[in-house]
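Single-structure report; data block below.
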Amino acid sequence: MRRVLAVGAHPDDIELGCGGTLLAHSAAGDAVTMLVMTGGENGPGDDAAVVGRRAEQERAARTLGAGLLWGGLRDCTLTPDAATVAVVERALAETDADVVYVHAPDDSHQDHRATAAATLSAARRLSRVLHYQSPSTLTFSPTTFVDVTAYLSGKLAALGAHASQVEMSAMVEPDAVVASARHWGAQARIGYAEAFAPTRMVLDLAPAPRHPVEEIPEAHRLVPAGFPSVAVR
Amino acid sequence: MRRVLAVGAHPDDIELGCGGTLLAHSAAGDAVTMLVMTGGENGPGDDAAVVGRRAEQERAARTLGAGLLWGGLRDCTLTPDAATVAVVERALAETDADVVYVHAPDDSHQDHRATAAATLSAARRLSRVLHYQSPSTLTFSPTTFVDVTAYLSGKLAALGAHASQVEMSAMVEPDAVVASARHWGAQARIGYAEAFAPTRMVLDLAPAPRHPVEEIPEAHRLVPAGFPSVAVR
Amino acid sequence: MRRVLAVGAHPDDIELGCGGTLLAHSAAGDAVTMLVMTGGENGPGDDAAVVGRRAEQERAARTLGAGLLWGGLRDCTLTPDAATVAVVERALAETDADVVYVHAPDDSHQDHRATAAATLSAARRLSRVLHYQSPSTLTFSPTTFVDVTAYLSGKLAALGAHASQVEMSAMVEPDAVVASARHWGAQARIGYAEAFAPTRMVLDLAPAPRHPVEEIPEAHRLVPAGFPSVAVR
Amino acid sequence: MRRVLAVGAHPDDIELGCGGTLLAHSAAGDAVTMLVMTGGENGPGDDAAVVGRRAEQERAARTLGAGLLWGGLRDCTLTPDAATVAVVERALAETDADVVYVHAPDDSHQDHRATAAATLSAARRLSRVLHYQSPSTLTFSPTTFVDVTAYLSGKLAALGAHASQVEMSAMVEPDAVVASARHWGAQARIGYAEAFAPTRMVLDLAPAPRHPVEEIPEAHRLVPAGFPSVAVR
Amino acid sequence: MRRVLAVGAHPDDIELGCGGTLLAHSAAGDAVTMLVMTGGENGPGDDAAVVGRRAEQERAARTLGAGLLWGGLRDCTLTPDAATVAVVERALAETDADVVYVHAPDDSHQDHRATAAATLSAARRLSRVLHYQSPSTLTFSPTTFVDVTAYLSGKLAALGAHASQVEMSAMVEPDAVVASARHWGAQARIGYAEAFAPTRMVLDLAPAPRHPVEEIPEAHRLVPAGFPSVAVR
Amino acid sequence: MRRVLAVGAHPDDIELGCGGTLLAHSAAGDAVTMLVMTGGENGPGDDAAVVGRRAEQERAARTLGAGLLWGGLRDCTLTPDAATVAVVERALAETDADVVYVHAPDDSHQDHRATAAATLSAARRLSRVLHYQSPSTLTFSPTTFVDVTAYLSGKLAALGAHASQVEMSAMVEPDAVVASARHWGAQARIGYAEAFAPTRMVLDLAPAPRHPVEEIPEAHRLVPAGFPSVAVR
């Protein structure tokens, strides 16, 4: 069983980027948590709209079978500084996640860039960090895919929970969501897919217990046992 | 007729990067506007020099047949935050531009990087965003070129208007400007060229009226008409 | 008016890659020619099927308003050698083309790779060479787009002319063709698009007459007039 | 249970590139087959040495718990033509493989390049094709890793079966094998790893049955049911 | 004789990235200086630990035969702004360095990114700027290597001077340091190596005096002598 | 003292790509040899022209202070097969070269591609292999430069020796040669430069004797001494 953390800058970012994949994780019995860094305060409408947006995000999370954490930061003000890193570090500690999904680093929205950079920093010791595409993502060359054919309707339902977010561009009309899933599905030689560019992804092939480093024969060890270790930042 | 906005961090950045192209746009009857984000306050000289630098930039803009907007930000302090994005958004709104030229994103000068990032954010819904090279640009792999053989003298004249900017390095001596134009021209199989790396560039091939999405036969539509739309940031 | 040559390895490759763009060129009054390097001899069926496939390709070309040239090479045997280069050179000479569309160079089908490489060689002195995506294309990072919203039905009709090519994979089911067009359209901030990665693309901004190199003032010329020139291969 | 095919140009290429990963697959109960394209005829020694080299490869395969297929081609003569593609296609048909490992495409050895290209062509409809690194590999930016800490000794044993291959360079001394495994392990935040660059990799998250495309609601289908399909090459 | 400046964000970053190379420079008689931007205030322990860390860094510098400058900035707070650039500019002025080593720009630690960006800005007019790898570096494709076989023990000794930095991850255990040196050594076809990705690196081939630009024959000059020059930022 | 081998497909390719660098090597007392793979049989003119072209190449080599080897292959027929590799291997053996210059691998001319690939294979155990740009080179992102300000006239003189090669394109007019040198010089922050993309480049910093691997303390050795070694291809 995996513990999955999906990180996004604003309400609906995660659903768009990897909603079908989160449904697949839920279906597999994995524990899934969403971390939404801001409340989408710059979206359309007034304070009541922000409150409503939070309720929508909560409904969408339930649709995906996912827990929900709020980062408590403010829309359009994110920078990849130590405070932002700490928000993601807390979520990683709380969920003990071993798989992380987050925006692709090269994105024209500053909040997306900052969220990706802060998550890469916070998850620097994790072996599975994968980047999803947003409509504002710039360069993106995915090599890793999840089959979401069985979960496409669920993804659209989760997006549909964000009713207050009115259409602002052709970039994320629902037909474009379906089209991109089919486009990436054809690339992956399946039906519908979500696409990912991993920073690093350790595959699970065998359930074999890992040999602790200490068990490696001395002849294969690279330095003697007593050598002082070095810190990593 | 196009409406063109060229964005640069400091006086003379735009002329260096795409001055010949702006002359070609002017010659084609396009409306050309330059947005200079800062007043070059860190250049050589005192306050009077800054005032002089503004006058030089105005003269250079006239040479190119271009309007001039000032971003009002301070030299060497730019960051790609919401305020910087808003400066470019205002210029886009004022000019209703449909083609944008701006610094390449990978640049060793922080003001250039911030200007490129903020412009990519502000122009996130435009179909034509192209990046020009500055002397401090790092990686740059241009694929798109404009023939400036007829406009090279004009470009040099526009640069010549910036008389107060004394030589500080071999990077932008006039002979290097001519040499780069010839180098890129040879790459493009023409005489002298300015080189661009597009983030996205929609070509104009046919004057045919676009079919509104509503006219696409239902069988080809990807989602039913009534499905709620999703906001884009 | 442009003279356009589109090059593909097999029947239907060009329609899939840039059929909508060719329709846009035709609509703009450009002269469009297709060069199909092989007869698709390795497709399903017997010799009669090959004959039928040629007839289908001719019908598809008419649908696109394009002329048709056959390279006369044999399916699955292409290599980027001098003979293959010569086939493209003859087509370029016959059509006097100034815009060339061809497969992307990084493709898992050897015929596609060979066609791309031979065309890059044959078109080495042309200023406009753009690569389209095939289902077997590997890396592909397009930056340049053509709006095919008005031409999508026509593209599907041209593909429909290839009736003998039975479905062999999800890679090119018609829904994937539509989906990719919408996916790239969203990337380009328009409706439906075909996507291109240019090797080099000189934009047409102004109709101004080019100054012949001889007219450049002596002070700006890089070498004296009488210096012996050097051959290019 | 997976069916795995690992493809290499010469004896010992596969063990070097992904021997630990194959051991992990075997440990997980997957069916593993190795396809060695040539007999290493250009290695040191005479005909008897070639015979011995085949016996060594068979022993190494047994060490890995893998079946062994020979491509029957000749060392240093590989090209990515239809005949080479057919060799891999036959192995794929025989093993019904759904995961393929092969050399990285950018390699200074022509046999490695040809093997990678032919395998990409033969596996064009498979959803899992991953590239391993050889000592002669040029550019290689892996994102996907397998933990081989428990299998490193087994990998070295499989390499040790190739006793007739004398040392020819520091490139593949055993210490370099161990060092690279540790280097990539540190990149992956684990102990020892083998590194892969996927052309495409569909992850297995959930055992949920895939909905056949026919079950997708008509409203979400991209083209009507009766539209003629298009062949893929 | 070269004047070398190595820049790192925290104590021990420089030793890890290029300690062997600095030893080689020292052995060649070059003047070597280290600039450590912060005091590692976020490392383990209290204020006394920070004081101790400084003493360790001073000891490590002596081990490498290098001078030591402190940037005086605070751990985890670096941004690539004008103040950070100025810190590096002062060190460049003080050392008159003509070779600069610094973190790779794409790194998951914000201090590393900021240090790399600020150094690229400060060193914008230098001809030799090379990037080293840190455990947190993301993309890194080195092409340039230094043979540190003779200096590996010295590098480990310099790292060993940082005794207060306790092990926090497998990323920089000493065996991983040795393994990476051997991995890159195999890539470089030598024993043990440190690996670099240059932003720009001018090779020293001949001691010939450079001809000042004025001596280039007028026929080869690209613009006439009197043309006004242009400032570079 | 270095032993340098420069490899090019046709007469004048080497002079164009790295003629100034070879002059700098000669000035430094290095032994320089040129290997020209073909006789330029497809250039303009008849058999006498080919004979003349050889004489021109010999004159150009003398101008550069370089020895000259002919590959004996035929213009426009090169493939990167074992025979072509053997030609380069013989030249490497004859010259005992430790630095190799050759075409960039991504080039639209098949002879250039084949020459680059064959040289990368032949030089697989050398630590210094650098790629130069030709007019037909496609992607090229140089990071390494040689100052040729003092050698530019000599480079032009060597090119001038190829008098029979008449001008066929703007790509290699002499002014473009000078312009590219100045363009790359500005990138390198010097006057005029030739630009290189290394496959691998080991820098010479210190004259220290290399410790043979055997002297490395057992504790640092990665595998025990007796372990059988593995062949490299």
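Chains here go by letter, A, B, C, D, E and F, matching the order in which they are written, and residues are numbered from 1 within each.
Everything below uses one rule, namely that contacts are C-beta pairs under 8 Å (C-beta built on N, C-alpha and C of every residue); 3 or more make two chains touch, one makes a residue touch a chain.
It should be emphasised that the depicted structure is a prediction, and the values quoted were computed from it without experimental measurement.
The set of chains touching chain B and also touching chain D is given as A, C, E, F. When you average the Cα atoms of each chain and compare centres, the chain farthest from chain D turns out to be B.
Residue numbering shows that chain A and chain E use the same positions for less than half of their mutual interface. Averaged C-alpha coordinates give centres for chain B and chain F that are 38 Å from one another. If you average the CA atoms of chain E and of chain F, the two centres end up 30 Å from each other.
The set of chain A residues that touch two or more partner chains comprises 79, 124-125, 135, 156, 169-173, 175-176, 178-179, 182, 189-191, 199, 213, 220, 222-223.
Across the complex, chain F is touched by residues 135, 139, 141, 169-173, 175-176, 178-183, 185-186, 189-191 of chain B. Listing the residues of chain E that touch chain B in their complex gives 79-82, 85, 117, 120-121, 124-125, 199, 221-223, 227-233. Touching chain D in their complex are the following residues of chain C: 9-10, 12-13, 16, 42-44, 76-77, 79, 108-111, 113, 135-136, 138, 156, 159-160, 162-163, 165-179.
Every residue of chain B that touches chain C in the complex is listed here, in rising order: 21, 24-25, 27-28, 30, 124-127, 143-147, 149-150, 152-153, 156, 178-179, 182, 187-191, 193, 197-203, 205-211, 213, 216-217, 220, 222.
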